[in-house]
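Following this line, the structures themselves.
Okay, so chain A shows up in both of these, paired with chain B first and chain C after.
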Partner chain A sequence: MMRDQKLWTWHVVAGLVVLVFLGLHMTIMHLDEVIPAASLNPQGGHPIDWANVAARGKTLFFPITYVVLLGAALFHGLYGFRNILFELNPPGALKRVLGWLLALAGLGLFAIGTWAAIAAHRVALLA
Partner chain B sequence: MSNEIRGDVTYRIRRFDPDRDAAPRWQESRIPALPGMTVLDGLWKIKETTDPSLSWRSSCRMGVCGSCGMLINGRARLACNTQISELGSAIVAVAPLPNFHIIRDLVPDLSPMFTAHAALSPFVIREDAAEQENPSGEFGQTPHELEQYLQFTFCIKCGCCMAACPTYATDPAYSGPMPLAQAHRYNTDTRDGGFRKRREALAGEAGPWRCHYAGECSRVCPKGVDPARAIQLMKRQLVLDYLRLWRPRRPAAIIPAPAEVRRRPDVPEPPARTV
Partner chain C sequence: MLKTRGFPNRLGIQGWAFGGRWGPERYLYTLHRITGLGLLLYFLLHILLTSSRALGMEAWEQAMGAVTAPIFTFGEYLVFVAFAFHALNGIRLVLVELGVGVGKPIEPVYPYRTSLNVQRPLAICAGIVALVLIVLGTLDFFILD
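Moving on to the complex of A and B:
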């Protein structure tokens, strides 16, 4: 039974993905004056100005990174939350129910977030 | 020594007789503290002079057998290896190791620990069983390879690490620091080829995944073993194994005894094998 070995490995991989993409997010949002990359904020001004958000959203790179970051963050966070809940030593049946509830919550949030990223990309293309 | 206790010390001992008590209770005894006296010596003094019904496990009196693990002034230690003077207090509170059922007084039921230990196959596993029974030479191992697991062989299975582990306290499926450190000890031994067999258990709930790296197991170990390190190294090994970035090596080959060597006349023959 490799279940925990598999889940832990993906937990670590998801953590690395979050680290990289959160680093990218912090660079774009908070280091715009230190690293003034024209491709990230092509319209100048603040990174969250609509013109810059729309310009980034027109590319495929940013919607894809949003979805990857969302998936990694949800898996990493919910698996960690599952571990915390399991430390309360619930009975086996409740463990299975909690596992399924967290998986469904994660999939639901991922579906909503993915839809939002695609919708934002389409709006940006029209802008 | 500045923390030398002079005069009497008070032992607060957690007592429990399953035939008589509904719950554990505390009992106090005063004994004279002599220089060099260990906590175990004090327990013997109380048993000889005050209460012969007091029960605990002990054997070697030199920190080797691992029998006398107890909670002494809030920390899991060996009673034989702990001088009263080093506690720095005139009160010696002694209780059985936490995280185990109490059989009687200071005697914990360590069988769950040994069951978890046995489940992880803590021995050298090889396919050449005949060679192990009747060795024709030595299994080759360099000093560097020995150093990778040597400290984990110092474990005496006293259970202090298990008593200090906050994860083992709440999760009965978790194997605990001692069994996991011993599984890592054999996984790291180059003479061993049992990684895949042990992985069957380690990859599931019994494995190292619930460890938070609190590090208490390593802090309390009376033999200076670092089980927390073993568990983190084991996690890394299992993650790399899942990602196919690491393959267990073949167990070390036999180095045959040299044939062309002539014994010096002043060196006597070794005694005949008895096993």
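Moving on to the complex of A and C:
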């Protein structure tokens, strides 16, 4: 299988992972009145109130799924963006530079987001 | 024969936006790209903003307080709408890629029949579910909240 075929397969798989976890995230954040679930916003009030953020952060489920969603969404989004850019037929050298830049940006954001998920878990446990 | 001048994407950016007579699915493709780029831009900023929760309650409340203006709420609503469309259209694309709902291969005998018409019910179903999600989101954003 060629490299881009493999990456495309991962793009589709990552899309399905994003579908599940972003679906959950959107349900918690933006369908909280239509689908109220006490386990998702245990302190009541708005989903982004610190009490709810901390309560979700205390669990293992949310920090782990945040990191999974982060990785899958970054790969899905940045690989999709790379495909769009490559359709403009940049020269081979520019393609390589773009590929590396997007990969580095993705890794950097993954590092920041993962740190945030772990650190927020610790902050929530101490609170 | 069209001259490609060595560029397979002959029309460039124009080729993304205008689908000519390729039918509704071609415009779903354009919308998929637009919503995908919008979601990506939002997501990159979202990672940086929500990382403030790692620094505790004050940092979190300060960060969230900076984005309470109605324009941000409307922006978030657009993100939700983009998500609903991109997710449902994405499911349709995966199903089509797996050969679901595209009909059986037929001999290319005149008068030719496009498989796009066979796929149309799938696109309509995806559109209906996306619309239901958007209606629920609209209720949550502007009426129940």
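Going forward, the second predicted complex is superposed on the first by the 126 of 127 C-alpha atoms of A that agree within 3 Å, B and C clash if a C-alpha of one lies under 4 Å from a C-alpha of the other, contacts with A are read in each partner's own complex, and residues count from 1 in each chain.
Just so it is clear, contacts are C-beta pairs under 8 Å (C-beta built on N, C-alpha and C of every residue); 3 or more make two chains touch, one makes a residue touch a chain.
Bear in mind the structure is a predicted one, so any value in this text is a computation, not a measurement.
In the superposed pair of complexes, A:112 makes contact with chain C only, with no contact to chain B. When both complexes are overlaid on chain A, the residue A:88 reaches chain B and chain C alike. Looking at the shared chain after the overlay, A:9 reaches chain B, while chain C stays out of its contact range. Set side by side, chain B and chain C differ in how many residues of chain A they touch, and the one touching more is C.
Shared-chain residue A:57: touches chain C; no touch with chain B.
Comparing which residues of chain A touch chain B with which touch chain C, the overlap comprises 12, 87-89.
Across the complex, chain A is touched by residues 7-9, 12-13, 16, 33, 36-37, 39-40, 43-44, 47-48, 50-51, 53-57, 60-61, 64, 76, 80, 83, 87, 90-91, 94, 97, 136-137, 139-141, 144-145 of chain C.
Across the complex, chain B meets chain A through its residues 167, 170-172, 199-200, 202-205, 207, 209-210, 235, 238-239, 241-243.
Taken in their complex, chain A has these residues touching chain C: 12, 15-16, 19, 22-23, 26, 30-34, 48, 50, 53-54, 57, 70, 73-74, 77-78, 80-81, 84, 87-89, 109, 112-113, 115-120, 123, 127. Interface residues of chain A facing chain B in the complex, by the touch rule stated above, are 1-9, 12, 83, 86-89.
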